[in-house]
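Please find the structures below.
Shared between the two complexes below is subunit A, which has subunit B as its partner in the first and subunit C in the second.
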Partner chain A sequence: MKRQIIISLVGLAILGIAPLCGVSDYITGVLTMICFYAVFAMSWDLLFGYAGEVNFGPSFLIGLGAYGAGMADSIYGWPVPLCIAAGTLAALVGGLVLAVPALRLRGPYFGLITLVAVLLLQDAIVVFAGTTGGEIGLSVPDVLSVSATVNFYYAFGLMALAGVVIFTVANSPFGLILQAGGQDPVEAQALGFNIVKHKIVAFMLSALFSGLAGAMLVFYLGTASVSAMVDIAVGIQVIIAAVLGGRRTIIGPVLGAAFLIGAGEILRPLGQLSGFVVAAFALGVILVFPNGLLGLLQNRRRA
Partner chain B sequence: MSRSLAVHGLTKRFGGLVAVNNVSFDVHAGEILGLIGPNGSGKSTVMKLIMGIERPNAGSVTLGDRELAGRPSYEIARAGIGIVFQHSRPLHRQTVLQNILLGLLPDKLLALRPSRAAEDRARAIAARVGLSHVLDRLPSTLPFADLRRMELAKAIARDPQVVLVDEPFAGLTAGEVKDVSDLICGFRDEGRAVLLVDHNVKSVAAMVDRVMALYLGETIAAGTAEEVMRDETVRRVYLGGGITTHERPASVFAQTAPVLEVQNLSVFYGKAQALENVNLIVHPGEFVSVVGLNGAGKTTLFNAISGLVPYQGSIAWVGHKRTGQSAAQIARGGIVHCPETRELFGDMSVADNIELGGLHLPKTERAERRDWLYDLFPILKSRAGQISRTLSGGEQQMLAIGRALMMKPKLLILDEPTLGLAPVILGLLSEALKRLREQTDITILLGEQNITFALPHADRVYVLEHARMIWEGTPTCFAAEMADGFL
Partner chain C sequence: MLALQIIIDGFAISALYALGALGFTLIFGVSGVLNLAHGAVLVTAAMVAWYVGTTLHGGAFGGAAAGILAGIVTAFATYFIVVRPIERSRAIPNAERELFVLTGTLLWAVMLQTILSYVFTTTPITVQELVGGTVNILGVKTPWNEVLIAAVSWAALGLLWLLVNRTRAGKQLLAASINPRGLTLVGVELGQVHLLAWLIYGILAGLAGVLLGGFLGTSSAYIPALTGSAFAIVVLGGLGSVSGTIIAAYVVGYLETLTAYLVDPSLRAIPALVLLVLVLYFRPQGFLGRR
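Right, the complex of A and B next:
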């Protein structure tokens, strides 16, 4: 555990000074996207890795954050920080409305409900195209910053904050109870824990960071769009990043996000084929090393 | 005398099956009450109802003056009831200490670090159950008995006034049984009320203050261990009214080559050894009963024969040693297994279940076979259109056997067909087995804890106890030598 933290801090420090060492704005842009996806993947891992609940709708939370913030800006013209707060709040409220009934159900229903929620949100955005921009997307007049480096530090700061909070929570007694509830709900309840309550709070924490990152992403990209923030495919990317990096590690999903975004960029010359190659590789890793990239590194060290 | 647990009029129905019917008892502080009953008698359900894992249909569970029936488990746990599960899944990535600590954590969201006091208490509890030397190890590296100790530790972590213990001795060696029973007696001496569930009186007689016996969800006897052991009803439930035997002479089978030959079979579930060097031979057309109490290893033996669990040792079928066939291939080879849990397709009708069993047969043969089956179990014919989930327990069992027979087995394995069934149904099943033995050439391997059911048709009997075959012989010898030791 200690070694994991030290290595993470070193990795974080290297990433943190990279934009100051004269890398191109293009590279800085890729690193920024990695930071955003890392936040999505870490948030997802808290729920899947610890509570054992598969949330197929990370993009429901991301989308609520993005469109909440985007609409606050394009319709009301609020200042950017206020818009981001509004987007985050939208994700929290939407998450609560979804989680309270869904997490009470046993079996695979939670996953199915989150899946349906994504489709509903996607349809709502298209139906109310007048205010949401529909399939074309919603352009926002404001941006986080015009400097790629400053934008990177916003995303980097968010990732560091989310990482520290989620990692701490996951390794606290709260995380222990969450794991117990995920593995043997009957026994966890017989030990006196209201596991539904714990799961709802974990989901809300996941919603908080997903929504916040989604909201900030809008002001980084300058637009909120279904294809970049709400589509099922976005959620699948997040899930692949988390599982690829190593479930139940919080740090692993950051690696997974870096790989997924990085490889996507490097293979861009392949055109349509790049997505296929990345997905095929991810599938291979998950089949051969179910514990993900981080699990692979840990095993090597132990052996 | 501090608060005690009072259960009154507790009733639980699962569909048409009454699992627990109007059960009442008290457990006082500083006392151990043994709750015994054969498999399917409802004793585990009573425990789940008290703990809030299942909701009772009627009745009350009070601790002191607090009504707990129907409350969620976590509230019941906090009110002062702890449970030791027979099977548990510990947190595998956490150490033993952290696993025990889990039981001590407050149900709060904002505790980011366990308190110093909680950690000290976890160490104290670990010392109390004898786990001090393995605190920093992962559960997967512990021997089975230590995992049981860890479960005991978790259950008392919250300092409950009442401890429910579910079959704590299953899978333990004699020495470990002594350690665990000392610990449980220790709970009593600390002033806790202990409800100890087990399948027979013998195993708990030395520790309990009082015993209550359940059968088919109802209380049939209560009192001291001696009184319950002497009780007529209890004797009848465990031993049956009288044992009849009709074995065919051994010479009938002596000349034939065994159809099934099991040698040195061992099976492990993780660390628990479920079978130890078991040998078993079945001749063609023979009726062999394997008797043993709940947890002795009967189901594991049958699962190994059907290829459902990995094993060490050898299994030969019609003279050929088995080499890695799948369970489906084994079944097509003629070994048809009718499991304890019946495994019916609950949402399909009776006729559909039977049809599925005979799907590989040509159409005309299937129809013939079905008519023969309806003749064997006439009640299935009258229920043909009914959804099988809604059948009574006895009808479900007949359907399970019927579906297995549709597969034209060479060897039919029946695992505990009497589970939870009323005596009148047992008579019908027994009659059917008699016809199978006399009118067909099907070889039958029957696993039972109910001796009266297992013996009448058997040609040979094996006794399985604590994962080992301890006896083999004819039913007549069994009645003379073994029956009394079985209660």
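Right, the complex of A and C next:
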């Protein structure tokens, strides 16, 4: 555990000074996306790894945050921080509406509800194309910053904050109860813990950071669109990142996100096949090393 | 006239939905696997049918045969490459196997989707219709192909019912879904039963994919939505319940047809999704499910 923390602090420090060492804006942009996806993947891992619930709709929360913030800006012209707060609030409210009834369900039923939530959000965006921009997307007039480096530090700061909070929560007594509830709900309940309440809190935490990251992503990309924030493919990317990096570690998903975004960029010349290579690699990893990249690194050190 | 039109169109599309979702529920019932690559299997069959039938000039029936074969091959590939390694892996804790099957088949679906759009095309295509022309049913002009789709779907459902209830192998399938341990105790190799289930799954999904591709067109981009629809229908009817799946397919099919005709075709998917959410909240086991 101590080792994990030290390694991740060192990793954070290297990542944190990288943009100051004269790398190109392109690399800084890739690192920025890694930070955003790391937040998505960590938020997802809290629910999957600890609470044992597959949320197929991380992009529901991301999309609510993104569109909440984007619409607050393009329609009401609020200042950027207020828009981001509005987006986060939208994700929290949406998450609450979704989670409270859905978390009474278990396993595949919960997964399906989250999947349907994404489809419904997607439909809603297309139906209300007048205010949401529909399939083309919603462009926002404001940006976080025009400097790639400053944008990176916003994303980096968000990742560090989310990482610390989620890691602390996951390794607290709260996280233990969450795990117990995920692995043996009957026994955990017999011990007197309210599993559903714990799961709802975990889900809301996940919604908070997913929504916040989604809202900030809008002002980084300058647009809110279905293909970048709501599509099931986005959710699949988040899931791949978390499982590939190593579930139930919080740190692993960051590795997974870095790998996923990095490999996507490096393999870009392959075109459509790059998606295949990444997915095949991820499948291979979870079949052979179910504990993911982080588990692989730790095993090697132990051996 | 509109009412009759809705009844006829709804009947055909619902029969096709039932066929499309049946394989999914069968595999879940027999081996407890939720195959999130289901949409990918359907679209693979449709794409191969289109390629052989149209591009290679194999004709509608040649294409359909190739499509069904592709469905079987993809089903077995799903089982041998993804599902079985996860079921047999010692590194995966038992409690998490279900989650791994879900994520594994999801990754497999992404792989199939990218391969399909790379090898074939990303633009939506339509599989050649098996029969042309129209027939007049009580004054409603209906394509023969639609009649054929309904007939083939129901024939497949009927054959499956016969297989499960009247043959030894089918009864073993049923037994595996009720009590797998009991089945192994009476000396049946569970692996064989699973193989049979995946074979039937491949045939059903291949057939459904080919027919869907001819009726609604197909594209690798439809894969997630198709998996979602099949999942939704199956859960609505009750996971693992065959008759529940058929009832749910009809509810969803008619809801969609009604919305498309009376409200707006672009909203057709929404009422069924809302119904699904309501059912999950108030009766999570679905119409005929057992928990």
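Definition applied: the second predicted complex is superposed on the first by the 302 of 303 C-alpha atoms of A that agree within 3 Å, B and C clash if a C-alpha of one lies under 4 Å from a C-alpha of the other, contacts with A are read in each partner's own complex, and residues count from 1 in each chain.
FYI, a contact is a pair of C-beta atoms (placed from the backbone, for glycine too) under 8 Å apart; a residue touches a chain by one contact, two chains touch by 3 or more.
It should be emphasised that the depicted structure is a prediction, and the values quoted were computed from it without experimental measurement.
When both complexes are superposed on subunit A, subunit B and subunit C clash.
Residue contacts after overlaying the shared chain place A:Gln183 against subunit B and subunit C alike.
In the superposition on chain A, A:Thr131 contacts neither subunit B nor subunit C.
Of the two partner chains placed by the overlay, only subunit C lies in contact with A:Asp123; subunit B stays clear of it.
After overlaying the two complexes on the shared chain, residue contacts for A:Ser227 are found with neither subunit B nor subunit C. In the overlay built on the shared chain, the residue A:Thr149 is in contact with neither subunit B nor subunit C. Residue by residue along subunit A, subunit B and subunit C are tallied for touches, and C comes out ahead. In the overlay built on the shared chain, the residue A:Gly192 is in contact with subunit B alone; subunit C does not reach it.
When the two complexes are overlaid on their common chain A, residue A:Ser24 makes contact with neither subunit B nor subunit C.
Among 4-12, 184-192, 202-210 or 328-336, the region of subunit B with C-alpha atoms clashing against subunit C is 328-336. Put simply, subunit A uses residues 183-184 to touch subunit B in one complex and subunit C in the other.
Looking at the complex, you find that subunit A touches subunit B at residues 168-169, 172-174, 176-177, 179-180, 183-184, 186-187, 189-195, 197-198, 201, 248.
On the side of subunit A, the complex with subunit C involves touching residues 48, 52, 54, 101-102, 104-105, 107-109, 111-113, 115-117, 119-120, 123, 126-127, 183-184, 232-233, 236, 239-240, 243, 271-273, 275-276, 279-280, 282-283, 286-291.
Residue ranges on subunit B touching subunit A, taken from their complex, read 51-53, 72-74, 76-78, 82-83, 85, 88-89, 91, 93-94, 98, 101-103, 105, 107, 109-114, 154, 157-158. Contact residues on subunit C toward subunit A in their complex (touch as defined above): 34, 82, 85-86, 89, 91-92, 95-96, 98-100, 102-104, 106-108, 110-111, 113-115, 117-118, 122, 224-225, 228, 231-232, 235, 239, 266-267, 269-270, 273-274, 276-277, 280-281, 284.
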